[in-house]
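You will see subunit A twice below: alongside subunit B first, and alongside subunit C after that.
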Partner chain A sequence: MAIVIRNNIQEITLQLLQFVHLATKKSASCGVILAPCKNMNPKTLEQAKLLMSNNDASLSVQFFYDDPNQVLCAVLDNGTMGNTHYASLVLKDFLQDQHLLQGQLIVSSFPESGNPTKSTIEKFMLQAIRSKGKEGNIHFFTGANAAASVLIVDTDDIIREFIKTRLELKGYRVHEAKDGQEAYHVFVRELPGLVITELNLPIIDGYQLIRKIQATNSYEGEVIVLTDKQLTENMSRAYESGAADYVTKPLSISELEWKIKRLTKNN
Partner chain B sequence: MRLLEYYLQQAMDFLRDFLLGYGYFAMYYGLIITFIYFLIFGLSIRHTYPLQRGIKYNRVRKLSGSEHVPPVSILVPAYNEELMIKENVRNLLALNYPEYEVIVVNDGSKDDTAKIMIDEFQLKEIKPYVAKHIKTNMVRGYYHNPEYPNLYFIDKENGGKADSLNAGINLSHYGLISTIDADSLLEKDALTRIARVYMENPEDTVAVGGNVRIVNSCTVEDGMVKNIRFPKKMWPALQNVEYIKAFLGGRIGWSSINGLIIVSGAFGVFQKDKVIAIGGYRGGYPGEDMNIVIKLHRYCLKNNIPYHVGFCPDAVCWTQAPDTYRILSSQRMRWGRGNLKNMIEEGIHMIFRPRYKLFGWLTIPYNILFETLNPYIRLSGLIAMIGYWLLNMADWKTVVVFMLVNFFSCFILSLGALFIEEKAFSRYPKLSDLNKMMLYSFLMFLGYRQVGVLWRFMGHIDFFRNNNSWGTMVRTNFNK
Partner chain C sequence: MYINFEVAVKFLYVLIILNVVFVAAVYAIKIKRLRRTRIERRFEVKFKDYFTYVLVNIEGKEPLQAPPFSLNKVEQEILQERLNDMIENFTGTPREKGKELCQRLGLVHYHLDRLKKGSYAVKIDAAYHLGCMRVQEAVPDLLQLLATHKLNSSLFVIARSIAKCARNEQDVKEMVKLLLSHNKGFYDLLVDMIKEADIEHGALFAEFIQRDSNEYILIGLCGLRDYTEPTVASAVYRLIDSEDRMIQSMAVEIYFKSVHFIPRNVVQKLLQHPLDELRVLTIGAIADQKLVTYIDVMKNALLDESKRVSAASAKGLLLLGEEGIATLCGVTAEVRGSEQGEYLQMLIEEELKFLSVQLHDLVKLTRYNSLAYHYEKTLGKNKRIYRVV
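For the complex of A and B:
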């Protein structure tokens, strides 16, 4: 029995791998949504496809349904982590309305979440199959070999640019924001693996930003605080809000880099 | 008939003597005022160098997170500020300063100031412990939201700016208070810079004033002044050079001899216990910012408390200058009224009293003679001129020489203030702005200073007619 299941997974893994390779050859990136579903028929597949292309015309979606494992795969050409996440929200609503969803939606994007190797795709698939029976929300899959993305939030242009340059040289993808509001928008769009934030921010302050980030379902990244504030109450309030680490300015860039490295590895 | 002629002759002689005497008086008046101007300006220049060094070696960023910086309660009185209050409070909540609280006091506004504050920050009414240092008008409620732990909002019945400040003092939790106008923008590290001046001598420094600059024509982004430009319109431009002259050419010098008579209401820091000791802010009259400083001087000198009133020119608060004749004149008349009231209430009790030392011997006489009474001297001078002309006493050459000397000495002082600005601060990056500043320093003498005197005089008339309104100030958004 075990062997049969194993074979089934291998079959769909190879199939998905082929899709991903085709898609990444055609365009820069490829988003994939996996959803454990039952009783999918061609008609509902067609409906879902129509709905998603109405939602975002720039993404061409391909669906295929694997009967033995009962997993619905959606492959999105040009899908980055951000817009695949958006698409998955639409798909989730659709599947839940039809009472088809049986587990969690697992979202990933290649090569953003890692190189699409066989073992990566297999892990991805296993995560979807194992989520059966759990509550239907959205999760992200990141391969072990993914380039981590970092969001830097600071009002000071020079500090942002400095850290950005250093981190990009080390192979991170870096996003920037100059106030709390903008930071949250960028965060929702990009879902970076790590957020580095100042506490002293206009509109939404650092503590509120951290709390909003921590309240985001399914987000598994971490927040590092990088701030001028050196008082113990600021530090404990930041940790209370959910920060993973606290670095004070004037910053030592190597200290920051090591902390980033450690936190992104833990993920 | 002969008798009449005789008396007429006598009267004419008396008039001549009187006018001659007045001429001497006016000459000495002019000489002394010019001497004091140059003295103060010399002191300003002399103290620019240590100031500049202090600014250069000041580790503002390090201080702004340090636990050694004293906590400050920022008091923001707001009356009909619905247009600006949201941005300003957000700006104040994001200052680079380790420990501070922002207390916004709604002074019974007729617009939606209170509603906007409560909605925007989701404030809930609280029942805090409030000290009763100073009596104030009825407070309707205290508001707070744990999400913004350092923001408090007081809603109270209308009682004027001073009353709002007093209500803020009663609620404040820290030993230093800072007053800020709700229409002004504080630079992010202004409070840190002012705190540095305070920390140099925390026992004795009872008050520190900040520098006020004019924001008209600058661009403001996220509550920060981004592009600093010289005002494009005429009235703000004239006020800009006037402010630079008063703050850099004047207040640096006055503070160096501890004779500073005013800490601008737009931005200043005070020791709370001293403010309470003198009974808080005086209500019911404009000029409360000068009043509080005079009272601090008086209190400390009377009780032999060593003290210092400092000025911190690198701590900048940006304010909107009135840009129409009507609003500017009402502002200046208010200032004139407040100044006169302060001099009658406090000044004449301190003038030439040995107990009040330099403050009583120089600052107060200077302010009474050359500021408060200035319009009368000018007006009488004008009348005397007509008299000289009618009696054929005028030596036009001397008059012209005198006027030119006077003009150039004042112009040199204006240029000197610009020199301090460029040397120590140079906040205007464009060279054309510097040219404009020089041009306006010159244009100031062609009418602006004269109407200034007129406004002050009209303010005095208002004072004697007991017209005690705050006058109009129309708020507009920044970035226009």
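For the complex of A and C:
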């Protein structure tokens, strides 16, 4: 006797893939927001659509709700990562007000985040389904496989958060630490491919941290210094300690990103 | 006696009332702070995604949009602080987009208004925020505020804001002129502030050192301290002969840092200078640049009347290879028995001791061997010194 197993994920994946292909044919890009929700009815869908259209009239939004997986899909024609993410803020607020949100909102834009193939869309969908029960934050989906891992060591929350967000979007696995000692513990545990560190750090300073990292026998990764210190003496000392590159604050994001790319590629 | 007792009771009542008032005031402040912390925490949660949106799109082509929800006063203040941090931490497009967002949120207009109409404390606060947001329109009002401000720490808040908002070099010069009118020597602080301005700093510092005023020259020199271009060397050369000792020593320091080759006439002139600090700087520069051609000059400096110069020269010769080391040992042997000779011999022995534990480094190992060989050859000590291979 043959048993037919109905694959719910495959069905919704194919449906979403179709929507994405249609949208990318119509316009250059297509934004997608997936949100695990319960009890969505046509009236609520209509309300959400109206709200998002009011927020940005230039975006054409299509909603569909997958009942078996309880996932709400919003497809935005012409949706770049920027405007799709902004739309997700509006949608999140609406879903939370209505007590419908059950997990994280996952945001993506094609082809910005990769080519919309069946396996990519399936991964995207699985990420949304698996987020059920988690805190209702907004996360990004990137088609790229996790590249190198990076450890960011800085006392400044904004800098850490910023670099983390940017690197995660590019597919890196990112770890954080606020001081030299914590950084060294994370380093020993994770052995990241790249360490980005400030020199002014509590407990163990940046120079000591670099020397400790370089003294690790099996380590083949690199260290980039990202610091306020702009004097040539500091720069020479950092290079002598074993840093591979030196970036000063206020920081130029593109400069840092190119350096990270170069060093992780070399590794 | 009865009257005194009555006065004492009344005084106690007054004290109790005052106590109650102060306790109430302290609790009111505490409650206000707790309320603000609570709002801040709620805000952090509510705005986490919005900040992520800002951070992700801060380099994108599309302009950053305002939060899709309304803000109360405290939330607006917290948002302002976060945006200030972002503008301060980033350069280029992210900074421009942060400034643009502040404009869109009405923060620029709000603080410009406070700067014009507010009380003294409000004006200082507005000046700080306008500086963070780099609002160029605020410069005339900020300059006016600085001109009438007395000398206290707030003066520097306003001055720094002017530097951050400066439209051109002229605004920075005006700010410097106003600060210098207070006649205090805060040159390093001034340089730090000038570096916040979006102008070509090197050109401005070079212009300052051409002026007649010593104050401007000192600001210029403090600013040029980190520059290593040869053009800086020619700019400060004139000041090597300055009558002001501080200017002279700073000029010499910058000159040696930026010059690629030190001419003999400069070396000779500076080594005859009465200030031993300048002679030490000259010896140090010859050693740093490994100028073997000046070994004869270093040899003479070994017998300088100042021990600082003599020690600097000995250390410098050690860095000038075999020839330098041979010269050092030779001179030491010549003056053996004198106080100078004893001193130089002690320096050599200390160096040998230091190098003997650094033999894992090839450069230090060769230096150790060289020094040990010439020491044995010229000073002929009985104690056996082993050469390391």
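To be clear about the criterion, the second predicted complex is superposed on the first by the 140 of 267 C-alpha atoms of A that agree within 3 Å, B and C clash if a C-alpha of one lies under 4 Å from a C-alpha of the other, contacts with A are read in each partner's own complex, and residues count from 1 in each chain.
Rule of thumb we're sticking to: contacts are C-beta pairs under 8 Å (C-beta built on N, C-alpha and C of every residue); 3 or more make two chains touch, one makes a residue touch a chain.
Predicted model only: the values in this text are computed from it and were never measured.
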| item | value |
| --- | --- |
| Which superposed partner A:K249 touches (first subunit B, second subunit C, both, neither) | both |
| Subunit B versus subunit C, judged by how many residues of subunit A each one touches | C |
| Touched partner set for A:A215, first subunit B, second subunit C, both or neither | neither |
| Contacts of A:K229 with subunit B and subunit C, given as first, second, both or neither | first |
| First (subunit B), second (subunit C), both or neither touched by A:I203 | first |
| First, second, both or neither for A:T155, with subunit B first and subunit C second | first |
| Subunit B versus subunit C as contact partner of A:D179, first or second or both or neither | first |
| Partner chain in contact with A:T80 - subunit B first, subunit C second, else both or neither | second |
| Overlap of the subunit B and subunit C footprints on subunit A, listed as residue numbers | 230-231, 249-250 |
| Interfacial residue positions of subunit C with respect to subunit A in the complex | 48-53, 55-62, 65, 67-69, 82, 85-86, 88-92, 94-95, 226, 228 |
| Touching residues on subunit B, where the partner in the complex is subunit A | 61-62, 64-67, 90-91, 93-96, 98-99, 147-148, 188, 222-224 |
| Of subunit A, residues touching subunit B in the complex | 155, 178-179, 200-203, 205, 208, 227-231, 234, 248-250 |
| Subunit C contact footprint on subunit A (complex, rising order) | 55, 80-83, 85-86, 88-90, 92-93, 137-138, 140, 156, 158-159, 161-162, 165-166, 169, 230-232, 249-254 |
